[in-house]
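The following pair of complexes shares a single chain, subunit A, combined with subunit B in the former and subunit C in the latter.
Moving on, here comes the complex of A and B:
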């Protein structure tokens, strides 16, 4: 389905990355796999370095750290936060919402609309859509969108399918009204019939965590994983992306009456380099126009990958100029989302380390 | 067929593959190889196969027959 928004803009974005950096060549020793095959995986998927939280760090820790930096550097005033949207699959607790926890820790005003959204890899676009809707209200002038996950804590170190690609991060994006008469188009699709392709089977009410759900099981292909761990059907997700994303972006551009040539960058979620190169080939987009280098630098950090890609690849440019971009997210749900917008000039756009 | 076998050989990093060769007997045949085959069939033949479609396939010739049956459909 298609959406249109007017007079909204991204003011700036910060991406908080744990300082703890892990190297694939060190970690591959943990996999029950020939070294040559692991090195092949590294080469094809683009695995190299990734950022991972210490085992006790939660989403609210990363978000509070980043928002304090915004306040301390005078880029945002605490009293300006009219809404705080937290998009996460790894909340601090099942209850209450992590957005409320962050509000409390930062001492934000009671007139703050706190909202958690259970979305991951498609969650940056979905969070922006929610922010734009809130900005239709007279009382909402600035929205803070946090996309954060600590999924490394839910990945089995013995699962070569998932462990080497996961990164942790929190992006903090400020959204506001645009004085220019800007138009933003979005397109969104969901398919819950395929929800099992990406899931954490245990830990909710359907299958609460027990000693049994923590037991590592041989899941084939020399990988070990427990029910408490994140599961991804890699080949199904690959097919999903190749089949669904090109028509989603074509549909978005048709809806907007725009062409791919008029777009400066296609900024996709970053599952791995292989999948993004195949997607670019299929859409006939040059690799330079569709960056694929987040995984090799930081890992796939879930809903924060698009802001990470913006700060890594366009940081300087979007602070000085305006770019026309397509954003595209895809992941758990299954959910796939795309947005056509002008990006810039951003007041802030950078990567910062969480000590 | 020859072009197809050359592509499969490239994925398995061997000099050549014969029609009768059992793909699953190669130590290089793992989840990455399966994904690479799926990606190759998509880009070269416009086919979107799932990993499950490859489960009953053993020889390179079986895979070629599968490709032909799907592209004809």
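Moving on, here comes the complex of A and C:
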């Protein structure tokens, strides 16, 4: 499905990263694998260091911290927040919405549209799409989009398929109307028939948490995982990305009447180094045009990898200039989404440590 | 592209999982000799050794079942074995 938006822009973005840094070379001792094999994997997948919250930190803690920084630095006034979208798969509670919790903790006005979206790795583009739709309303002038997850709390430390990859973060992105006549194009696809490829089996109403769902099970390849933990069918997800993302981006560019050559950067969700390199090779995108360094520095932080990549790789540039970018996210659902837009000049664009 | 000093696929496999005899199996995956991460490590090593980039859509178990399927994949990528 294709979408077109006019006169909308990203004003700026902060990415809140837990200060707690974990090193793969220390963590690999937890896995039931020879060290030499783990080190080979480190090189190929980009496992290096990642950021993890302490066990009691929630999405709202990271988001409130980041939004307070915005307010304290005078980059946004609390009364300017007309809508607050929180994209997360690790909400503080099943109910109420985490967006309402953040609104309450920050004392935002009652005339704030609070909305939670259950999306993850495709969630930055989906959150932007929702923000653009809200900005069609005269009463909505600024939207704060929070992409945040604390998935490390749902990953088994004995699961080599998941644990060394996961990073926690919250991106805080402010979206507003553009005075220029800018046009943004987006494409979105979903396939719920493949939802089991990436899921947390227990914890909802279908399969509530019980003492049994917390028991670690041998799930093959020497990995131990409970039904309370995040599960990923790595081969299925890898294949999904390689098959679905190139035509999604080609379709987006065709819809926009643009070419890949006219784009400065292709900023994809970053699951691991290998998967993104293979995607770049398939699409014939030079590695310099598709940054691939979030996982090795911070881990795969779900819907925040694209803003993390923007702040890490383009932070200085997009504060001074505009550049044309394709954004592409893909993950749970299954969901895959892409957007073609101009990025910049941003009033703020940086990584900040929590606390 | 290929040269006499290049490691063979069998030698590369032996480096990844030295405990197995890869000439004695016709299905490395089913026999538990390669898991999905070993396949990733193998693809990265083949890419580097032969100066190629195996397509992500070709990274499926059928192409890594045995030495013959791996060699067929390399030929598809222009490697003269």
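FYI, the second predicted complex is superposed on the first by the 355 of 355 C-alpha atoms of A that agree within 3 Å, B and C clash if a C-alpha of one lies under 4 Å from a C-alpha of the other, contacts with A are read in each partner's own complex, and residues count from 1 in each chain.
Quick note on the criterion: a contact is a pair of C-beta atoms (placed from the backbone, for glycine too) under 8 Å apart; a residue touches a chain by one contact, two chains touch by 3 or more.
Please read these numbers as outputs of a predicted model, since none were measured by experiment.
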Touched partner set for A:279, first subunit B, second subunit C, both or neither: second
Which of subunit B and subunit C A:22 touches, first, second, both or neither: neither
Partner chain(s) touched by A:236 [first = subunit B, second = subunit C, both, neither]: first
Partner chain in contact with A:41 - subunit B first, subunit C second, else both or neither: both
Which superposed partner A:269 touches (first subunit B, second subunit C, both, neither): neither
Touching partner for A:9 - first (subunit B), second (subunit C), both, neither: neither
Residues of subunit A at both interfaces, subunit B in one complex, subunit C in the other: 37, 40-41, 44, 161, 221, 234-235, 238-239, 242-243, 274, 278, 281-282
Contacting residues of subunit B [partner subunit A, same complex]: 13, 27-28, 30-32, 34-36, 38-39, 42-43, 48-51
Touch list for subunit A against partner subunit B, complex: 33-34, 37, 40-41, 44, 161, 221, 234-236, 238-239, 242-243, 274, 278, 281-282
Of all residues in subunit C, those that touch subunit A in their complex: 16, 35-38, 40-41, 43-44, 53, 55-57, 59-61
Footprint of subunit C on subunit A - complex, ascending: 37, 40-41, 43-45, 160-161, 221, 234-235, 238-239, 241-243, 274-275, 278-279, 281-282
